[in-house]
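Chains here go by letter, A, B and C, matching the order in which they are written, and residues are numbered from 1 within each.
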Amino acid sequence: MTHGMALIAENWQLLLLGLRATINLAFVTLIASTILGVLLGTLATVRAWQVRWLIALYVEVFRDIPLIVTIFTIFFGAPYLGVPLEPFPAVALGLSLWGAANGAEIVRGGIQAIPDGQREAARALGLHAWKIYLLVLWPQALRNVLPAFTGLLALIVQSTSLGSLVGVTEFLKAGGLIIERSTVMQGINPAFEVYGFVLLVYFTICSVLTAFSRWLELRLVARGGAQTVRAPDTARL
Amino acid sequence: MSIFRRSLAAGAFLWFGIGAAEAQLPPLPATIRDAGVLRAGVRCDQPPYGFRGADGGFAGIEVEMARQMAVWAFGSADKIDLQCVTAENRIPQLNARRVDLLIATLGVTPERARVIDFSAAYRWGGSDLLVRRDSPIRTLDDVRSRTVIMLRGTTQALWFDANMPGLNSLRLNTASDALQALIQGRGEAYAHDAATLIVIAARDPSLRLVGEPFAVSDAAVGLRKNEPEWMAWVNAALNRMKAENLYNPWVEAAVPGDIRAPYSAAFNQPRPMAR
Amino acid sequence: MEFELDYLLRQWPALRSGLMVTIEVSALAIALSILVGLVGAGIRVMHVPVLSQIVVAYVEFIRNTPLLVQLFFVFFGLPAIGLTLSLFWSGVLALTLWAGAFQTENLRGGLASVGPGLREAGRALGLNRLQYLWLIGLPLAVRISLPSMLNTGVSLVKNSAYVSAIGLQDLTGVAFDRMASDFRAFEMLTVLLVGYLTLVLTLSASVRLLEHRLHAPFRR
């Protein structure tokens, strides 16, 4: 047990490197998911049913296919399409497409939670479609979806661990490398301590995000106004 | 002769020597030269070819080959970007352009030749089975009714799929996972390159090799398809390593004397026949 | 980029056995996770002193850590403390623990919806808390939570793909293994995309149908 702990302490630089990659990956994914998610979620509330149907199709596809399959498809498939993607961009793209699907659902829920009266009043005042969104719907919706997006960030941080399977040296992979070295070179297997440590670090980061998300929800509900949107259930990963 | 003159003479010798040697290798392709470093995929879990040294850095015979190529290409062994690859992801990493060549215990097989190009072979390698010392397994056929551990995407996986299709096989991702699985009793035999198993068996008296060679193949450098200039350079570099007898000192550095013979044979002697 | 159909047909036996493994692992894990959920929700609702806190910690831990790391811990880490499970059972255990946390929450929500009036009636009839749970509370809670429990089940089927990372030859595992040996990524990935979409959509549709039927008496 102590050998495992000592190994973790000795390799703090490698672990920190992995953690940085995890955080980088999570932020790139969050930004891409938010932008794309807001776009798609907004489009999911327009009157044209064809557009809404297309968005629903996208969301369904990317939430139903296992994330591991999405990432492998992009990583293994991209070279065949003539676009060689290195591991980090491939994982970022895969996670972003999935994150955007979840983001779109959140934003759609956020916009639809706003009472219809708002939209009607805006139209009565003579505002055009996109101005309605810009001035009336988005400011309210985006404030309401903040807790849900924070929850989504916790899920994104967790899903970056898939990068280890295609060669991104993120936090989980860093732990794996330590175990590998110790097993082959010294014959000792510290997997229990190292993976236990990895779990604890993820738990610390994500439970802070989850707690923040719950706090935001309480604060926004206390302020009144439209209902906040719940964070996507981890089960619907 | 004073030290100054001696070093001047030595410098002149080296200068002309390097100049003459450089003349032996064709020019580097522009894309490789522009990268400024040699981006090579190597194994990190397969002693003695590619593994992590005591200081945690890259070590092994194939790693030395990569470093030598960096010297010849860019003038210094430091102008190198080594990337750990596994049997499962090495070819995708090459095609994704994360690395420019693979010196990663890559066996020549027709399936792989469809998606990448192989250089001339620089050595051959056979396979073997690692079992616990008290195991009843004595021959290759003894494993037919048992669970065999192997790595995804290796020549052993291909061989067992072709020759023992109904076999119960446990397919993991790295040599350390496979070794752990064997020790934990999740499988009765671990099939991999003999070269790696010999080193592991030598280090662990509770394990032994079955010793019946099978799945012998050439090992070559892996390159992306349609890169003829790069292929020419790599082949010339491999020829030069052979001509200047560079493999032997690397083998001596990576492998202890009592088990050195098979490795020298792999580099210096022709490939034998086996199942 | 050619799509070789006869390659795919030759691989069909291996893929079909992979699909069987996916179904076996998922079915076992769903059943066991529901048991875990029943026990966990019961403990929470009865406010059992130490166990309640443990259940809360368990649920929080599972929801805030990646399933992949949980799986690696079960398969690679547990042997160090003497618990060496086979590949198959490691996968089942990890998926059960993961889904069990969500089933606990689903059932807890269901139990909370069972009106206080019923609890009082139970007490009036002389039932202690355990008897109330077993005879009235949990059966009703299961009916109320069935949709969310089944949705968790569908997610479990989808996330069972993770077991390929430890080498279990489920549908994803077989496909990745073939890809590593034969390099036919296009064919294999197509099978995976179509396979999982079909599985998940069919199961989701069945859940919605069941939900619809369950609501029938309340719609008149």
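We take it that a contact is a pair of C-beta atoms (placed from the backbone, for glycine too) under 8 Å apart; a residue touches a chain by one contact, two chains touch by 3 or more.
A quick note: this is a predicted structure, and the numbers were derived from the prediction, not measured.
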item	value
Topology of the chain contact graph, where touching chains are joined (line, ring, star, complete, other)	complete
Identifier of the chain whose CA centre is least distant from the whole-structure CA centre	A
Intercentroid distance (Cα basis), chain B paired with chain A, Å	38
Centre distance in Å when chain A and chain C are each reduced to the mean of their C-alpha atoms	21
Cα-centroid distance, chain B relative to chain C, in whole angstrom	42
Chain C, residues touching no fewer than two other chains	76, 79, 165, 176
Of all residues in chain A, the ones touching two or more other chains	76, 176, 179, 189, 191
Overlap residues in chain B, where contacts from two or more other chains coincide	177, 180
Chain B to chain C touching residues, read off their complex	87-88, 91, 111-112, 114-115, 152-153, 157-158, 161, 170-173, 177, 180, 184-186
Chain B residues touching chain A - in the complex, by the definition given at the top	44-45, 47, 51-52, 54, 56, 83-86, 89, 92-93, 95-98, 174-177, 179-180, 200, 203-204
Residues of chain A touching chain B in the complex	75-76, 78-79, 84-87, 90, 166-167, 176-177, 179-181, 183-185, 187, 189, 191
In the complex, chain C residues that touch chain B	76, 79, 84, 86-87, 165-167, 169, 173, 176-177, 180-183
Partner chain C, residues of chain A touching it in the complex	60-61, 64-66, 68-69, 72-73, 76-77, 80-81, 154, 158-159, 161-162, 164-165, 172, 176, 179, 189-196, 198-199, 202-203, 206-207, 210, 233-237
